[in-house]
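One chain, chain A, links the two complexes that follow: it is found with chain B in the first and with chain C in the second.
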Partner chain A sequence: MSFRACSLQDLTPGEGLRIDSVQPPIAVFLTEEGTVHALDDTCTHQDASLAAGWVEDCRVECPLHESTFSLETGEVDQPPAKRRVRVHSVEIDGDDVLVELSQDAPNLPPGVTA
Partner chain B sequence: MIIDHLDAPVPGSSLHPTLTGEAYTSAEVFEREQQEIFEKMWNCVLRADSIPSPGQWKTVTVGREEIIVVRTRKAGIKAYHNVCRHRGMRVCTSGDGKNKTLQCGYHAWTYALEGELVAAPNLTSMPDVDREQYGLKSVAVREWLGYVWVCLSDADQGEQPPSFEETVLGEVRTSFGAVESIDNYGIENLRCGESKTYDVAANWKLIIENFMECYHCATIHPELTEVIPEFADGLASQRANGEVHGASFGEQIRGFTVDGSDGVTEFPSIAPDQERKYYAITVKPQVFINTAPDQVIIHRMFPVSESRTIVVCDWLFLPEVVERVDAGELDVSKSVELFHRVNLQDFEACEQTQPSMSSRAYRSGGALVPSEHHIGEFHSWWTQRVEAGSAD
Partner chain C sequence: MTTHGADVLDDSLLQHEAVGSDGPVLAPDGHLLIVGAGLAGYHVARGVRSHGHTGPITIFGDENRPAYDRPALSKAYLTGAVTEEDLHLDDPEDPVEATWISGVGVVGLSGSAVPAEEDGDVEELPAPLGIYTADGQFHAGDAVVITTGASALTLPAAPDSSQPHVEPYVLRDMGHALALRDATLSGAEIVVVGGGFLALEAAATCIQRGAASVTVAAGEQYPGAKRLGHAVGQAIRSALEKRGVQIAPPSRARCLRTATDGHEVLLTDDTVLKGDIVICAIGAKPRTEWLANSELTFTPDTRAVRCDDSGATVIPGVYAAGDCAQWASHSSGLRPVGHWQEAVEEAAVVAAALTGADEVALQEPYFWSDQFDLRIQGAGRIHLANQVEVLDGTPEEHNLLVRYLRDGQEVGILGINRLRDVTKWRKQWRIRGGKSRMTAV
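Presenting the complex of A and B:
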């Protein structure tokens, strides 16, 4: 069951947008190459918004520490984060960005609950 | 009263008074200078091309504050106090670097290059925190002559930076006059061919006063006086009422070099009057600009204490000259050596003067001869600035 997360117009190439109408919040990214991705917004190491991170080569670097997550698979490349973030399916319908949330359990950092 | 008023010179007298020795030795006076001069006026801090790409930053000290100067992605060059808004740790802990964000190493408060707070642990659960309000404290920035200028006027105290047009551009244009325009040199398009840093054990005012006069030239600058024989008359390029005089090269002199040999490619658009002349001006409080037909020499001073000043001197040439130097096809060492020697000679004199400033023999100061009387204009300006602070 998908929902409308945002409009394409809300997105800036190379940046993320935090959507906190769902719990845990998700981040929608528009890459410089024009692809759209949706991930859990919270880093798995510490409570930080990945939407504020640095997007490059289809990965997002957590703004706090140096772990980067694949926008396609959610896997993490290096510590301090050790667990992947969930990736959600994205469908574009006209200007609407439709997201279907993953059914997996989220990997949230200590102290953060969905 | 720690700052003695300058006695008005007796009309017609040859010797005018200087500041008293204490003006050069008192830590209290120095603190007031930092507060009323260096932290309120425009300071020329670094070359804009020393941080060429987004994310590159350097730290500089202005007055009593450490400042981060960074090239942003979206907003050109910006400058901030190097103080984390959370618990105050230095955000940047070395002299330079290149980063995607500016992050404090204590609790990882993370600032965009443009200054706002973008991330911090648990920040998403503190939605009332205003990202702009808790961004790095910014200071005013201007780019001019290829340099970054900053002004630390305290916005929290309702202070505005003084008009750059009036205080910096105005001073330079007035000095250079309408005809010998500094614009002819196209300084903003020049490249730095050499830079030297001098750690001088002298008060910054001794360095300015030295630069303003040429009564010493024939005694301590043999090479410079060979290139510009008229300096033997003791009259400097800088004159009364802030005017600047183009000092002519000697007849046999081919270029502004240590031995008078040929210089490098001359600036294409200087006026005929500027072709065989040297000009020098002081942009208060910490910049000297020297022009020759093929090079511009810029000094930036960073006072460290009442008895120590760091001086950075850059030699600027046409871009094609620096390219040929980088390629090993051209040597500018004779051009650089002339003013490097002048610098060493001047700074040694200043260092030999500084210890006497606390002598009882200099308690009431010394004397200015007629060719130095215009230094009194600097002293009046200084007295006004520093006394403005004591009225607070």
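Presenting the complex of A and C:
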């Protein structure tokens, strides 16, 4: 069951948008190349919003530390984060960004609950 | 590309001949000894493995626990939000391949600094490279990396104490944090000595733990103002006060007195702060006492191991990184010492130097701190600034963005709850490969 997360107009190339109408919140990214991705917004290492992170080469870097996550698979490249973030399916319908949430359990950082 | 300010100090201050320029310092199958199982030590091991090192790596740590990350010791670990296991650096599903020797003190380093040429005399053989542990054993290695960190400073006892002196709490390692975590903070009157982020984080955490009162002897009216500018100091003070933290008169803490009914912190203006619990967070000194008989060279004031900007010491094959070391660019004032990020980056530089991998540049300095709902992030050469400019936000709204200039040129930025802005700044100033403008070599 997908939901409308935002409009394409809400997105800025190279940046993420935090959507906190769902729990845990998700982040929708528009890359410079024009692709749209949806991930869990919270870094798996510590409570930080990935939407505020740096987007490059289809990865987002946590705004606090060094770890970067793949926008396509959610895989993490290096410490301090050890676990991947969930990736959600995205569909574009006209201007609408439709997101279908992953059914996997989220990998939230210690001390953070959904 | 941004225009970068000229380095404030002459680049030729410290010339250091590259050791092992004919190839890697450490052969791929050589034995690497790492002394110190903290952030820097762990990252050196991980780094050399990622560069294809196949030889043995032995990591010596004096604590009887796996390597862990320290920032949470003053925050989430103290409130109980995270466990010790959560702080382990190594990933159990992808552990770094190394032998960990824990709970054994390392007491000495063997190795010879490059000898001065003597007129054709046959020199005595150089001392073999390796380390001695407290159990009397010698461990030979092909390279040694020193990452023993720093130990917490505390205040001296007042000369007129009538009671036996009780040491204050400090916050440096897991043992300290465990002691404070188990202390009865709820309902206690607490005095925190220190004006740095560690002290302020500890103060915030004590409030969260239900302390009856928390007083911070920060040594200044607006904590952080001297280093980070008045607006930042105002923002920090307003956030702390709003949550009930009291700021003591802006006078330096002088000593501690143990009284029959608690503890007293004496300030230089003769103010006496009384508390059930005193936490000292007034800085740290490099843990290099064990190297006293080695041929290494040290900074005269702090006794940090002197290195060039690849982490190399005067002994070939011996490197140092993290809080126990002072690299050339620290000595020349280009970089501040003691940040988490600094230890991680230095480890990467050392790992590349050891294995002969492509040189890694040090990035702009970066630090962060969480205090209540303030997430403070600073980047750049803030310590060199002579002008601070508020770009956006106000101290009271917890949304401050300030930039730092030196002689009119931007050198740094600080944001309070401005993750996106600080990230952008850091990326604009990122150095990709090649020489860092931050090094003094």
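The rule is short, and it goes like this: the second predicted complex is superposed on the first by the 114 of 114 C-alpha atoms of A that agree within 3 Å, B and C clash if a C-alpha of one lies under 4 Å from a C-alpha of the other, contacts with A are read in each partner's own complex, and residues count from 1 in each chain.
Going forward, contacts are C-beta pairs under 8 Å (C-beta built on N, C-alpha and C of every residue); 3 or more make two chains touch, one makes a residue touch a chain.
Predicted model only: the values in this text are computed from it and were never measured.
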Could you tell me whether chain B and chain C fit or clash when both sit on chain A in the superposition?
clash
Have a look at where A:E91 lands relative to chain B and chain C in the superposition and call it first, second, both or neither.
neither
Contacts for A:E66 in the overlay, against chain B (first) and chain C (second): which applies, first, second, both or neither?
second
Regarding the shared-chain residue A:A48, is it in contact with chain B (first), chain C (second), both, or neither?
both
Examine A:P79 and indicate which partner it touches, taking first as chain B and second as chain C; both and neither are also allowed.
second
So, A:P110: does it touch chain B (first), chain C (second), both, or neither?
second
In the superposed arrangement, does A:P25 touch chain B (first), chain C (second), both or neither?
first
The clashing stretch of chain B against chain C, among 24-32, 132-140 or 168-176, is 132-140
Shared chain A contacts, counted only where both chain B and chain C touch the same residue
46, 48-49, 52-54, 61, 63-64, 111
Flag every residue of chain A that touches chain B in the complex, lowest number first.
18, 20, 25, 41-42, 46-49, 52-54, 61, 63-65, 111
Contact residues on chain B for chain A in the complex?
100-101, 103, 108, 110, 118-125
Which residues, counting only chain A, touch chain C once they are in their complex?
15, 46, 48-49, 52-54, 61, 63-64, 66, 79-80, 82, 110-111
Okay, in this complex, where on chain C does chain A touch?
43, 46, 69, 72, 76, 81-83, 86, 89, 91, 93-94, 344, 368, 377, 419-420, 422-424, 426-427
